[in-house]
């Protein structure tokens, strides 16, 4: 079977969706950012609402907060329950999800509960957690966990259960043991969906961390927001909020990079 | 799962969990978990009260209004983004930013702009729900086989006819998925909004119950909320399965 | 019908003439649906046999039973006289949807079967490179499956099956997901491979032309429940130019005969 491949056009990576050029796309995205920030600036200066500072004021406030160290300091405080909660949710969540995907009794026990937990507004448990664990780090970490855990577990579980059947059969035909099939086929095949779950979990974790700081006791970013609101220093308040929104987006983007680097070498060049 | 050759129904494990809960509650392990039976009794007691009915009405209103606006805005924007490259490039970065943004941080801003009241809650629900609806609608529209649109154009359909007769219907499975996810997020939005505003609806009741350590009341209220969220989600999932064949060309 | 298993077990062994794959009274029932009914077949070494039939006749099920992926409801399969209880080293499988690992390079995909058998890295990569070149993919060792066309992906699947040097190659509609030109080239290449490699090929297809072109023997399966409806042995000379086979009167007549036979099963 030699030289046969020459007859076939070597399929190029299927990217370049409907012919859009990367350059034009970047220009449009830049334009989009400019439009939104411009509108914000105009609305802020035009006095649409006294509580809406212009973008430039907010940006200056952000720079000032970076310079005086209050913003980085607040981030460090907020990150503590967030990182702790997400670490627990990731380890526990992926572990549980994989167990439920591979082991029927775990599936039977776990799936109905988690489907409910994912649909339910678990934020309502925050007062309960505060009541039980006080206003410290434990409560805030637990808030992050209850927000992030269900979606991580369910994604890991679904990822495992949706392994392409023919890949598993291929493993069996080439005499892979069940352990090898799980390690070399099921887990890599599941990794994109598991990571999608982690990204959703991180997003939910950020929601939880901020909710905890606004609801339980003001610390970190939550403290910046409530304090500057109470003294009507709106540019600083907005800057703190914009900073946490950006931090969340950056974290999620970073996670995607890590996933591709670690598990998806075939997507690295795209 | 099967036990001794007998097939256990899919959600039967919930009974086991409830039983476990009851035992933990009876054993008085923690004040946090009163027995399920006590919670159920409390549920029957508080549901008919006027304060509950009032909270339910105001919560339901915010929830439905926020979601309705999110659907009315999200679906057309999603279709537009799926169809127009320029609109897509302009809007996608923001949609992607907000779909996973910590929206709880925005609630204080909303309170500043819209006051401490129902408008803030409705806006919170809208912000929680709308982005995922946009994204899923966009994905559905982009998944429509081009031949379907070419067919419509061949038979003389105009842009408006294309929107209603092709885009909306052919992308309906994805649109419904988006709406379902949006509604689930909307429930979370209404709760987070009310917790932070804390003077309206269930948020107010939560405040009262938790500050007075009324655990049974608290759980009864939670169960109402959870049941509502699950019912809405499952109802929409059922609807979604009914129209799944609309996407036949993509399977 | 199937010989009693005791008789099979006590029959004196004569390795030279003994069929390498024996299917004895195999049936398969899914719930209330009878997919296969009392299949008795033997496959001799060094030949290519096609399982031909319309969709729903259970030909893929039969192939997967022989592969040891699906247990039969009744009957048994023997490979070199030993009953099949699962997949084994003497069988390799080529999948309809290729079943390549998307995250692994062509080289790693082809070496996958060897890796699972514990072949050291240097040796398995050398053998993989050999088979990659043999199927015409030299230069694509470091490509990923998504960078290849459908036909090239199936060449990877074929190289992976050849690399483990199994006696029996089970091919499940391997060319159904590639375009017609590629398929023809593939078929020609496969003929060369059968002649060179002296392995036993079991080939599932729904294309009459493909079956007649490739096969020493064609097993016709009827649908619902799948049973053996007939066996055809096309007497086609395959030693010359592969292009000429499609113009050979025997080829054309055989296609015609099989179509007449199967027409009744098409709704």
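Chains: A, B and C, in written order; residue numbering restarts at 1 for each.
Criterion: a contact is a pair of C-beta atoms (placed from the backbone, for glycine too) under 8 Å apart; a residue touches a chain by one contact, two chains touch by 3 or more.
Remember, it's a predicted structure, so these values are computed and weren't measured experimentally.
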Next on the checklist: Tell me the shape of the graph of touching chains, choosing from line, ring, star, complete and other.
Outcome noted: line
Checklist outcome for this item: Note to self: most contacts are between A-B
Checklist entry - Which chain lies at the heart of the structure, taking centres as C-alpha averages? => result A
Checklist entry - chain B to chain C: how many Å between their CA centres? => result 50
Checklist entry - How far is the middle of chain A from the middle of chain B, if each middle is the mean of its Cα atoms, in Å? => result 19
Checklist outcome for this item: Expressed in whole Å, how far the mean CA point of chain A lies from that of chain C is 46
Next on the checklist: If we count contacts the way the header does, which residues on chain C are in touch with chain A in the complex?
Outcome noted: 64, 67-69, 86-89, 91-93, 95-97, 99, 101-105, 112-113, 116-117, 133-137, 140, 144-149, 151-152, 155, 158, 160, 164, 181-182, 185-186, 189-190, 192-193
Checklist outcome for this item: Residue set of chain A touching chain C in the complex reads 1-14, 164, 166-167, 169-176, 180, 185, 188-189, 263-266
Checklist entry - Can you list the chain B residues touching chain A in their complex? => result 1, 8, 10-14, 16-17, 30-32, 85-86, 89-94, 96-97, 99-109, 112-113, 184, 187-188, 190-192, 195-196, 202, 206-207, 209-210, 213, 215, 218, 221-222, 225-226, 229-230, 233
Checklist entry - Inside the complex, what are the residues of chain A that reach chain B? => result 18, 20, 24-25, 28-29, 31-33, 35-36, 49, 51-52, 104-105, 107-113, 115-116, 118-128, 130-132, 199-200, 202-203, 206-211, 214-215, 221, 225-226, 229, 234, 237-238, 241, 244-245, 248-249, 252
